[in-house]
Every structure is written in structure tokens, then in C-alpha cells.
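In the part that follows, the structures are each spelled out as C-alpha cells.
You will see chain A twice below: alongside chain B first, and alongside chain C after that.
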Partner chain A sequence: MADTGSDAAGQLQRIAARRLGPQRARRRRLRIGEEALIGYLFLLPAILILAVMVGYPALAGLWYSFSNKMIGFPKFKFVGLENYRELVGEVTLREAVLRSFTYAGIAVSIKLPIGLAVALILNQRFRGRGPARGLVLLPWSLPLVVSVLIWSWMYNDLFGVFNFLLMKSGLIKVPLNFLGEAKLALPSVMLTNVWRGFPFFAINLLAGLQAVPDELYEAARVDGASRLQSFRHITLPGVRTVAMIVSLLSFVWTSNDFTTFWVLTKGGPGTATKTFPVVTYETAFMALELGKAAAIPVLLIPLFSVLIVLLTRAVSRRELER
Partner chain B sequence: MISYRTRERLFRGLTFLSLGLVLLVVLFPIYWMLLTGIKPRGELYLPEPTLWTKNPTLDNLHGLFYRTPFAIQLRNTAVVSVVATMLAITVASLAGYSLSRLHFTGRDFMASAIFFTYLIPGTMTLIPLYIFLSRLGLLNSLYCLVLTSLAGGTPFSIWMLKGYFTGIPVDLEDAARIDGCTRLQALAKVILPIAAPGIVACGIFTFTISWNQYMMPMILNNKEELWTLAVGLAGLVYGDVFLWGEIMIGAFLMSIPVLLLYVLGQRFIVTGLTAGAVKG
Partner chain C sequence: MQAEKLCRRRFLKGAALAAVGVIAAACAPRIVEVEKVVEREVTKIVKEVVQETVLVAGTPEVVEKEVTKIVKEVVKETVVVEKEVAVAPTPGPELVLWAPKHFLPAQNDFFTASALLAAARNNFEVEVQMFPWGEYQQKQNVAIEAKTLPDVCLGVGVARYQKMGILLDVSNLFAEIGETGGGWYDVNERGVTVEGKQWGIPFHNEPQFMYYRSDVLGDAGYEPLLKDLDEFVAAAMAVTDPAERMWGFGNTFSNVPDGNNAFLMFMWAFGGSLQDEQGNIVVNSPETLEALNFYCDLYTKHEVMPPGATGWDDTGNNKAYLSGQCAMIINTGSVVNALRGDDPGWLNDTMLGPLPAGPAGAQGFNGGSTAGLFYTTEYPEQAGLLMKGLLAPDRYGGNLRTGGGFMFPVLNDYADDPFFTEDQWNKQIVAALPYMKQGNYPGDPEPWSGDLVWPWSTMATRVVVEGWDPQEALAALEKDAIEAKEKWDKL
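Moving on to the complex of A and B:
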């Protein structure tokens, strides 16, 4: 009995030695070199893709913005700051840039309170809360083009359901041309954006709300705080960073949105819904002036860098909070 | 002063009322899409549309497949999305592992650089990318769409998986290495199964980006038979004839895979898979 026991132990030891011995030695000898090599090797495919598809184009865009490159003409020459001088003088572009940012600013300031309200509702305990959360997320989970197409059809001036409902309820006498009338077009596009975008706010703010410890609310209630007071002093500070991150992200996405505008209005009527992505597209692929079009996003780099710095800071603050 | 109980009841009533309103606003457009998709043509183009139909029909579906390039665009979108998703999760798993587990100079810089690429707006890279891909002769192909999907999907996936891997105890991996696994084996047999929820999430993210892409395919491919569903469906709006029935049933079909993935993906996320694996 004792014999077999020690024999088994010896065998185990031998196996362990066989396994660990060389392994340990190799690891020690090659530790730093091996690890760095594998590190770079594993990272290589990602770096390649991102360098070719994002890094290089971003730099090349800067390069082309100083040239008179046109579609269909392989030859081009450098024209210095000519593109920039032209662009700064163009009223259409100035208006488009201003329009993009006011549009995005207003859209975000509508989506944030609605999103917070919906998050507060979905944070209550009630039967069917799970399905309700899933349903609210629907507009955001649909493909962007699908939601835009639905709204385009509902806005239709001849057969759209909105005109029908508004006329039936007596709110309007004559059908409205939601997307064809200069004053209505931009708000109509924005409504589509709000419908699609507020669930993103709601679901992220809901996650923020859930991270606020219940004890805080209990303590506040014991101390006699009203619902409004605990909202003001516990809920709002609790979701502030999340709200900041979500708003910044949404602002960048909304001001850069091309799809919604192109599918709904193509920038029209006139210039009523021309935002800078639309102008960039038109300059590049309708006027065929690639060099000039490449300069438009470059002009906006300062602004987006500020946004990106703010965003990175907010994200790291959020990670510290966790 | 109203009693606490009454106030509480009032508050709950108001909550439910506003929830109902929110759900109505959220669901009506989706209902309208489905209804339009199954309405017979004669009922679609009336000055006073009906809010339901007594004669549901599959004519629009038939028209979509036989009178528009929907079928081939569906195939394009599916091929591009599946290929891009497979590539993206492979690339992102390797990179995420490297950035979370391995120590080498320049690692933190790489991590920030990758996060930074996620924040660069597509409008910025669009034109140089167009010139670049046209030089490579990749315009009017499905390859360029796989590439743009990868550019969109990998930065965020890497970032997410890096976080996931950091959360997995190093001891688990060390145990596998002591048992004789190489790094790649340890990654494949220990880390990846534990990180499965994260990988599924990255897969869903990339698939969605790829499936929904509109601006890139529209600009990079000018042939209908090389478009994705998003470009194809939006292209039906500006035709000579109204095709809203076909567009809406197509929009519904296009939404199904994405919505299914969201529902299945939520179920897949199992928390606490590693709970109790390491003591102390």
C-alpha cells in the first residue's frame, strides 16, 4: 500500500518535472523577447487594417486638400491653400456647417431629456419591464436606412399617414409637404433623428441609473428628502458622466450624419437641409472636385478634436468611477 | 395635503401613462411599415389611408423579389457581413489579447491609437479612401465593402475585448500554460470560451455595421447588382413608379437578421462564468 503510494507520487513528480522543467526554463530565457514578439504579432492584423483604412486616408485627405485633384483626371497639381480660400468664401458651406451643428445641438438637447425620462420610467419596478425595455430599444436597433425609409413614407405629401392623421384630427386644413417645404424640412428630418436616437440615450442612462446604489435613495428618504430632491441631488449627479458621454457621441454622429439627409431630402428643398456631409458629397461626386471636397472635413478638424478630447476625458472619468 | 398613498398612486398612474405614450410613438412607425408591406396595391395610394387592412397580400413580397434587384443585393449584404464579421472577431480577439495580457513597449500608445480611430468620423476618410480603392481597382466589388466594414467594426471590438480579457483572472491562463499550452492554445481553449459573450457582442456589432452600411457602398459601387440592401432599398424611392409596398416589406426583411441577433445575443450573455474559478 505504502509502496504503491510513494510510487504514484514519484510518477507524478516525474511528469511534473517533464512538463514544468523545460517550459519554465524556456519561459525565463525568452520571457521579454517572446512576449513582445507575440504582442506585436497578434496586434499586426488590426494595425494593418486600421492603418490602411483609417490612418492613411486621414493623412492622405490632408494631402489631397492642397491639390486640384478631380475625378476622371489622373493628373493633378498642388495649389497650396487655394481650396481653403475658396471654401471659406463660400456662403453655402458656411451655412451648411452652421446648420449641421445647430441641427445636432438641438437634436441632442431634445434626445437627452426624453432619454432620461424614459430611463427613469424603465427603472421603476413593474410587470413587463423586460419586454418594455426591449421594445423601447427597437428604433435604435433597426437599420438606419429602414427607419429613415419608414419616416419618408409617413411624411409623403400625397399618401402619407401623418397628413391623414393631422387632417382627421383637425389640426391642419391642407396637407403639408413635410420634406418639400423649406421651413418644415429640417424639423422633419430632426424628428426622424430623435425617434431613432432617443433609445440610445435611454438605455445608456438606464445603465447609469442602475449603477447608483439604492442605499443613497433610502438614506435620503429617511432624512425626509422629497422625490424631486433625491432626483436633483442623487440621480442627476449619478448619471452626469454617462449623460456627457452619450451627448458628445450623439453630437458627433448626428452632425456627421449623411444617410438620413440623403435618403429623406438630398439636401433640399434648395439648401434647406444641406449639411456639411451633404456638401462634401456633392463637391466630390457631383462637381467631381475631390481635392476641394477633401478640404471640407479638414476645416472641421479643430472642432472635432475638441469634442474627441472631451469624450476621451469623460470616458476615462467613467472608468475611474466604476 | 394629499396623503402619501394617493400621491404614490398618482405617480404610478402618470408613469404608466407616459410609458404607454412612449411605446405608442416607438411602435407606430414599425406597425406602419408592416401594414404597408402587406396592403394590396389598391389600398396603398389613397388620399385617406386605412389604419388596417382586410385583404393582406404577399404581392409586394413577390414584386420585391421579381421586379427589383432585392435578391442579389440580399446575397451581397449577407456575404459581405458574414465574411467581415468572421475576420473582425479574429483580428479583434488577437489584438485585444495582445493589448490586455502581453507587455511590450508602445502598448498603451497602440491602445489609445486604436481607440482614436474609432472616433474619426467617416466623412473624413471617405474621399481619400475612394481614391485609394479606385487605384487598387477595388471599386465596384464586394471586397471594398468587407474592408469598410472591418474599418468600422474592429476599433470598437478591440476596445471591448481588451476590457473583457483584462477581467479574466491571469491564474486561469497560467494554469493552462503550466499544463503545456502555448499562448495561442491558451487563448483558444481558456480565454476565448470565457470571453464568448464579449466575442458574440463584437460579432453582433460588426455584423450590424456591415449589414446597415449605406454611404460607403453607395459611393464605392455604382452598379445596382453590387449594392447592399440599404442602398438598394433607398434607391427604389426615387424611381418613376411608387414602390412603397415593396420598399416597406423589403425594409422589414432587412431588419429581421439584425433584430434576431439582438434578441439571441442578449440571451447569450451569461454572467459569472468565471465565478469561483480562482479562490482567495
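Moving on to the complex of A and C:
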């Protein structure tokens, strides 16, 4: 802006500036509005996809959960909380929910230390580190059904490689019934899940480790800290938030695991591995009770909400730390 | 001469040509061989011993003399009479046919060719989509709800779908096809009849029966076919030797069709059943309890089954027999087909028959498939022509033959096919057919029974794996059955 000074030109310029100011401000407001609109337009496809692929099914499921909708019967009626009342009274479902959360809790507790150990190794410099990082991802990247089928063959009592090795080594005299014995079935499914899931922990924790500044370790070394002390006071706090986030995510995904159970055991033997996703599937696609099946996940929303709140807080804390 | 480097243009050209070639091959019209049973006169030289009276020193004596005769006789044989291009002469409507994918690729190919030929002959097109049995039912359930049903589906549950109102009444079609094939078997007609009308077209019967290793049982002093269940247990115990990895009997206890269907045979053998002839639930009976105890004792008390049977999938007992680790199993003709294809050494020692007799006699289970025409089809006439083509005399026999001993006819005319009457193992299966029953025996198929999720294997596994009291397990099944029936009766 020109120096207005006290001369006539300066006065004219002051008058001009005063006159142009509001227009410029209006143009600026219009420009911001246009930019925001363009931004929303770019977001629109993603919002539409979310609305159609996530929002609509969720709302439809919620609606069906209050009805007696059956597959193959277009007409159905609103039954209020009848489905929920029945489900809460079903012992099979209660046991299945407890089984799901126990399974997920133990599986995550195993995947976390294994993932951390692998991440610590992959964070070191060694020859072949690149290919090693790729190989670690292999269990996670294989198609789920393919990898679970391979595990079912390995568990087989007559032909499975596990029984073959155990018997050859003399550790057992008769084959173990991995998938057919109540006490072994759930741990066997869990082992498959751990094998598939630990790479997710490893890669995320590796990213967390790489964000820890090297200077902290150098400073600790200079101060005479041991490796264990460095691990305890620098590494663990550095990856704590990442660990919490991946653990919570993995807990949600693991408790919703259907494919591993269905391919390995179909919820058997008896009900030894019947989790709530299996119960939901059987209720919907075998008993054809879509309304009742839709009510099962809705019933579990309060439990998952607690986890979602914890996850959100952990993510917010991480952003603050940055 | 130096080899030229492969430049990008040449590579792209080659890739494009290869893609065009693949597409052209895929689009090539299907050539289908059409068979026909023809009669042929054959000349045979037969030697006979005849008696004639001759005079020997003036005294008539009867002597035997060998004479050679030339005899002409008429024999039937199946020949390929022509090759047809399975393409409609002018573009017509396109139908979609769903079918289960069986173990034999040759049978799947033959079935597909039959469908294409039927369509071509009637000036329409058909897309055949095949799915493994495992999740086929659930796939149909999803299609029902989404209204994305095919025009024709092989492998429908007639009672359920009729109740839903999604099947077309095919009574006329059923009658017409029956006339061309010498009439339907009673069990198949009952399976598709609801309230006096037919709602499905039976396609094949799939009996399940006992397999016996006559060599292994013979070494232990037992000769198949075993006469009753007591002998069955004794024989199984006699041959069981876990150290030698041999068990007397193998059947899966887990939640798969084999595990479920085998128990039905034991239940019927003791006189139990899910429902009576009027459709009342009668499963919680002393007979069924006795069957459950007998069946579970095979695993827990007599220990004649591999311990892993509680965790087997549907191929578990197949693999156990084919690898020589079980002397007796229950299965369909799929195992004998596998033995024919790759004999491990005991094909000729394999004998087939019904489950040995219990108090209510010998038993067998009959599965199979039935086709349904869905209400959503825009081309019901073409759908009917498609079914006629699949069951036509020049195709149906071939379909059964390519199925090995796995598929058996639903029409009377095919029972005399030499494939069933002369083959060493198919003959034994045919002999076991009179004992075969379908799942809802002695009642008719009911829509509610499909709600029971692996009822028999779950009940048995609850006892042997989870330690339930057998009466408790039976009562739980009865409760589920009653709830399912009440639910469907209200619909």
C-alpha cells in the first residue's frame, strides 16, 4: 500500500483503500467458500461410498434387528426388542461372546510381544534386512482362506506335519487331535490367528521404533544406562501409543474373526470353538433368521464402544505428542 | 548371427497376439458328442453239447456230441452318433443355470455340455455356473434375499423353497420327463411333491453305504457283508490296531455332511427317526437314544475309530480309507471312483453294502440333487426345455456314467444300463438301493428341518467331546426341532 502521507494523493489513496477494503474482504470470503466447496466435492465420492457400503448396511441391519425378517420371506413386521430379549436368554450366545473375547484377548497378548520382538530385530542393521522385512509380511499377506486351509492340513491327525514331527521326535506316542478335542481346538485356532496376525504388530511397531530419536539412546549410553534400562525407559514409552492402537484394532478384528473358525472347525467340536460370528452366520444363513442375526452385533455395540473410545483417546494422545 | 534384442514393440505385439488367441479359444463354439443306445446284431460261434440217439450194434444208445452253432443275437451298446455344435443358430434369450461341482471333472464337463446342447437345440443360450457343495446352500440363501436367483438351480431344498413361494409349479414338466424315462422312483417323486403338486425335477440319487476292506476283515475272520451291528462292532474291534495305524471304522463326528448323514443310518437301524409319517417330531425316543449310545460307544468305549475323527473335515474318512487306515467307512461312490482312478491296492478287496442290520434292519442314506425353476425367471418355457435336455435319453445316461458310481438314476429306464448292472462295484451299490432312505424318513421333506444346524453331528459330538449326557443331548435336539417346526408352521 502506498504511503498515504498528508498530501492530496495520499488522501485519495486512503479514500480508495477504504472503499476497496470491504470488496476485497468479500472476494476473500467468496474464495474461501469456493475452496471449501471444491474440497467437499472431492470428498463426495468417498462419502458416497461410505454411505452406501457402510452406512446403509449398518442402518438396514439395525432396522432388521427390530423385526422378524427371514430370508426368502419379503414381508416382515416390527417386533421391538423381542430379538434382543431372546438372544440375551440364549446360553449358546452368551458362551460364544465370552469365548470370542477370551480368544481375542489371549491372541492379542501373544501377538504383541512377538510383534515387538520381531520389530526390534528388524530395527537393527544386518545383511538381508530388506528381504527379511518383506518375508515377515508373508503370513499377513497370504489370502486368508488359503493360509487357514494349509493349517488345517498341518493339524490333521493322520497326515498332518505337526503330528508327524511330534511322533518322530518321540514327544508323543499317539497323534494329537488338534481340531477334534475340546481342550486343543481353541488354542489351535488361536495359533493360526497368531501366525497370521503378528506381522501387523511387527510392521507397525517397527514404524514406531523408527520414530524414536537415536539421540535418546546415545544420551542414555553416555549416562551409563544398560540396554535393558534403555529398552524400559526409552523404547517402551516410545512405542506405547502405537502398541495400544494396534492392540485395540487387533482385538476388534480378532474377536470378529469368522473365516478362521469356519474353515478350521465350523464352531466344533461340539461348541468348543463356537464364537459369536459363527453363531451370527448360522442364525442368518442356516436358520434364515436375518432379524435375529442382525441383532447380535448390535447387542455387542456397547462393548465395542468402550474399545473405540479407548482407541480414539490413544490416537488423540499420539497427535498431541507430535 | 547375433540374437536380436526383444524390443518393447515386439513384446507388446506378442502379448496382444497371445491375448487374442486365448480369447478366440475361449469363444470357440463347444463341440458336444451325442450318444445313443443302439441295437446291433452280432454273430457268435457257440459250442454246445447235445444228446442224440445212435444205433450201436443195432442197439439205440444216447450219446453226447459237441456241435458248433452259429448264433445271431441283438445287443445294446452306447455309441457316439454325431457331434453337435452347442451354439444356438440365432441369438436367443440367455438363461443362468447353477449346479453343484462334483468331484469328477469329466462329469462336470459332461453336464455343462448337456446344458449347452439343450440350449442350442432350442435356440437359447445358457451360462452354467458351478459351485462346491460346501457353501452352496448359503449362496442360494443370499441370492434369494437379494433376488439375484438364476433361472434354474440344481440342488434346491424343495420343501423350504416351496414354502417361500419362490419355485414354479412344474407338475406338467415332471410328468412329461417321467414319460420319456420310464417313470420316476417313488422316493424321488415324494421328495418333490407338496400338496399334490411337483415343485422340483429330481436329477440324481446319491446313495451312501458301507465300504468293507474284505482283505483286512478276512484276516480277522470276518466276511463282508456283515450281517448285523453286533458283528460290525466285533469285526471293527478285531481289526483295530492303533500301533499299526489301522482302525475298524472311520466316520467324522464334526459338522460336515458326512458326519451328519452317517448317524441317520444308525438311528434308522435302531428304529428311531426325526419325525413320523404324519410329520410329528418323534426324535426323543428310546430307539434314538440307543442309536446315539451305540454310535458314540464306537468312539469312546470300543475305540474303533481314529481319535482325530472328531476334527475331520468332509474328506476325512475318504482319506482314511484310501490311505489304508480304516477297514470300514460310510460314504458315497466317490471313494470307489477314487480307487478306480488311483488304486492303492485294495480296489478289488473293496466290498459295498448297506449298514449292517440293527433291530430295524439294514439301512442306507440317499442324497442326490433336485432342480428348481425359480419364480424370477423371465423364460420359464426355456427353463423347462433346459431340464428336458439335461434328462434326455441321449444325455442323461452319459451324465450318470461319467459320474462313476457316484450318481444313480432317478428314472426307471436307466436301472438296466450295463454300467449299473455289469460293473463289479456298481452292482453292489444297486443291490443296496432298496435300503436307502432320505433324511426326513419316514415322513415327507419338511421346510423346518433345514433350520437344524448339523443336528446329528452336533448331538454326537456333544456326548463324545463335551461329555454331555446322551439323554440331555437328545432332549436339546428335540427342543430345537420343536422350535423350528413351530416357527415354520406360523409362516
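Here, the second predicted complex is superposed on the first by the 283 of 322 C-alpha atoms of A that agree within 3 Å, B and C clash if a C-alpha of one lies under 4 Å from a C-alpha of the other, contacts with A are read in each partner's own complex, and residues count from 1 in each chain.
Operating definition for what follows: a contact is a pair of C-beta atoms (placed from the backbone, for glycine too) under 8 Å apart; a residue touches a chain by one contact, two chains touch by 3 or more.
Not measured: the values here are computed from a predicted model.
Undergrad: With the two structures laid over each other on chain A, which partner does A:132 touch: chain B (first), chain C (second), both, or neither?
TA: A:132: touches chain B, not chain C.
Undergrad: Let me test your reading of the model: by the given contact rule, A:261 touches which partner, first (chain B), second (chain C), both or neither?
TA: neither
Undergrad: Quick one: is A:180 in contact with chain B, with chain C, with both, or with neither? Answer first, second, both or neither.
TA: After superposition on chain A, A:180 lies in contact with chain C alone.
Undergrad: Once chain A of both complexes is superposed, is A:200 in touch with chain B (first), chain C (second), both, or neither?
TA: neither
Undergrad: Between chain B and chain C, point out the one touching more chain A residues.
TA: Here the partner covering more residues of chain A is B.
Undergrad: For A:288, select first, second, both or neither according to whether it touches chain B, chain C, the two together, or no partner.
TA: It touches chain C, and chain B stays clear.
Undergrad: Which partner chains sit in contact with A:159 here, chain B, chain C, both or neither? Use first/second/both/neither.
TA: In the superposed model, A:159 contacts both chain B and chain C.
Undergrad: State whether A:269 touches chain B only (first), chain C only (second), both chains, or neither.
TA: After superposition on chain A, A:269 lies in contact with chain C alone.
Undergrad: Give one of first, second, both or neither to describe whether A:66 is in contact with chain B, with chain C, with both, or with none.
TA: In the superposition, A:66 touches no partner, neither chain B nor chain C.
Undergrad: Would you check which partner chain A:46 touches, where first means chain B only, second means chain C only, and both and neither mean what they say?
TA: Only chain B; A:46 stays clear of chain C.
Undergrad: For chain A, which residues belong to both interfaces, chain B and chain C?
TA: 152, 156, 158-159, 285, 290
Undergrad: Using the touch definition from the top, list the residues of chain A that touch chain B in their complex.
TA: For chain A paired with chain B, touching residues are 19-20, 23, 35-36, 38-43, 45-47, 49-50, 52-58, 60-61, 63-64, 69, 117-118, 121-122, 124, 126, 132, 134-139, 141-154, 156, 158-159, 161, 164, 195, 199, 227, 252, 256, 258-259, 262-263, 276-277, 280-281, 284-285, 290, 293-294, 297, 301, 304, 308, 311-312.
Undergrad: Where on chain C is chain A touching in the complex?
TA: Touch list, chain C to chain A: 137-138, 141-142, 144-145, 160-161, 164, 166, 242, 245, 253-256, 306-313, 316, 319-320, 323, 325, 450-451, 453-454, 457-458, 461-462, 465-466, 468, 484, 491.
Undergrad: Which residues, counting only chain B, touch chain A once they are in their complex?
TA: 11-12, 15-16, 18-19, 22-23, 25-27, 29-30, 32-33, 36, 44-49, 51, 90-92, 94-95, 97-99, 102-105, 107, 110, 113-117, 119-132, 147-148, 150-151, 154-155, 158, 177-180, 183, 208, 211-212, 214-215, 219, 229-231, 233-234, 237, 242, 244, 247-248, 251-252, 254-255, 258-259, 262-263, 266
Undergrad: Okay, in this complex, where on chain A does chain C touch?
TA: 70-73, 152, 155-159, 174-175, 177-182, 185, 265-272, 282, 285-288, 290
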